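You will see subunit A twice below: alongside subunit B first, and alongside subunit C after that.
Then we have the complex of A and B:
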């Protein structure tokens, strides 16, 4: 009997796509922020679900996978959800006749909806997303003012 | 005097009438969006097409009678975690009435899962959990047993006809179906389905997997049944087996049920 263990190891915001393009008389800086969700999938024996099939479902269309992929040899899979689709993102992991679901709340609004039984980890992550959303927005306008 | 009272009361009456009308309109519940929810049972290709046990017996199945009852679908929130077990938290739950004796071997090799029943005009939404009981049949060919497996086993020219009867009763509770398609999402006027899946490779093992695979290590195989054959026939009630064998089979019965490839929480009844 094999149970599936999931862990959302990290949900964090990075300044993704930060680029610096040098011209003769100036510098143009661009950036965008995003959220990376990293999933670790393993059997209860600790054996990683290497090569497990991944299906990610966005909250606006629970019937059609938003993204498909596979875990690496360490049972890890990362993706960047579309933050314009806040709500519960669901990830299905399957491998050799075994599988499981993990449900990950994404977006500011989900902080308020997160009190109905989500784990402290999930709540903490949701709060973190909210904070970083504000920071990202502030940085965006700061950049516009400086332009 | 009366005219004056009536004149003064007229605006009040109008307001009252409008308010009552609005209350009536607003108070009427909007027509609920509904659809049809189907319940299937599936013994998978293992039962329909047969398979080779962990100990090399080629198994085919004529009938696999299983008796299902107390089937309930849930719109669970939070999503049900079968690993943790316990009860499902849900505001919407749909009961499929009755007891259903299903032959998981019914139909051809490529037949669809067995339709156990359906509930019409149920609220739309995502039915992401299901619970059901496996109980003893009170009528029919499986009377007195919760699961009866009838088939043939062949190995190296030897053929055994077997009938294996279980009296075990369980309640199984599972979360969302795991498989190729996402099940249980019901839209207005549409049909969604849920599946009670039974993995018989957990009982007999799978000859296509290595012997050390965890599934094969935990499975009973067929040899323990073949050893009981008389004149090429095995007809047993597992409760009559020796203590160790019976204990092992009871444990396997806990893990027989799934939701697609997802595990369920089992409770003895």
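Then we have the complex of A and C:
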């Protein structure tokens, strides 16, 4: 009789114990807030730097990349900086030997957007001034040659 | 064909500065004819703005480099002309980097000197249309050699940048074609109207 009682216990109670273990797999949810920085890399013609190599450097170690990745086909790359490392984060973009750096402040003095490019007007003005410098030099030596 | 900062190892870009400094010093210490300086200045202006003028070509766009033009018009002075144009492009437009000005001058300046040598030697041959033929060859060769030097520099990085070399070569094929045609026509025209503007021109 005792054996039968033991068998009944084994058949009914053991599954209960197993399912109790299964029910004990609860779900733990955590959250943290952060900021996502989106990089858009393009040549000065406006052509996106598709597939460009990205290296992100945290402020505490400017020589070892904190994160590496690649731009998507539209020249975009997103990452979430570690807000416990405030300061100037640097992102290097490289593509076929071309490339550049952008420095992004993270922390209290964050700005919503920034960039490194020039407007077409600025580019045109700089090019015009440069060419005028060369023409002026040429005219100077032309005059000396004629004198 | 401007290599940016942070791509090359220090050994490579420092070597670029050494070669550029030596070549520039050699060219500048030679006796320079002051009458040549206006021409040097105007050709440098052309080199300076060439990279800003994009020519739409299918889905992409290309820009002229004109180092061959510098070679056939300036001779050895083409090297400092390329250097000055690159310095201004790097400082004003961030085309290329500051640390790589030396190696970029080697990449574009040495082919300019090769173009000069090719043009000067070729135009001694008394064949009809020699200025068009060797002007065009000099223009195309200057770009092709530039692509070669650029690719060799990328190979030194050891970061599997060899994968991008085929793209660089294909992207510059239209530039080779355009500069071959432009310099061929230009050399023939200049040889007729103002032959003294060409290096290697010898009156017959």
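We take it that the second predicted complex is superposed on the first by the 78 of 147 C-alpha atoms of A that agree within 3 Å, B and C clash if a C-alpha of one lies under 4 Å from a C-alpha of the other, contacts with A are read in each partner's own complex, and residues count from 1 in each chain.
Quick note on the criterion: a contact is a pair of C-beta atoms (placed from the backbone, for glycine too) under 8 Å apart; a residue touches a chain by one contact, two chains touch by 3 or more.
Since this is a predicted model, take the numbers as computed values, not measurements.
Look at A:94: by the touch rule set out above, it reaches both subunit B and subunit C.
Look at A:76: by the touch rule set out above, it reaches neither subunit B nor subunit C. For subunit A, the partner with contacts to more residues, out of subunit B and subunit C, is C.
Of the two partner chains placed by superposition, only subunit B is touched by A:103; subunit C is not.
For the contact definition in use here, the residues of subunit A common to its subunit B contact set and its subunit C contact set are 45, 92, 94, 97-101, 116, 118.
Against subunit B, the residues of subunit A that register as touching in their complex are 1-4, 45, 57, 62-63, 92, 94, 97-101, 103, 116-118.
Residues of subunit A touching subunit C in their complex: 44-45, 47, 92, 94-101, 116, 118, 123, 126-127, 130-131, 134-135, 137-139, 141-142, 144-145. Listed in rising order, the residues of subunit C touching subunit A in the complex are 1-7, 34-35, 37-39, 41-42, 44-45, 48-49, 52, 54, 60-61, 88, 92-94, 150, 153-154, 161, 164, 167-168.
Taken together, the subunit B residues at the contact with subunit A in this complex read 77-79, 83, 89, 126, 175-176, 178-179, 182, 185, 199, 202, 214-215, 218, 255, 260-263.
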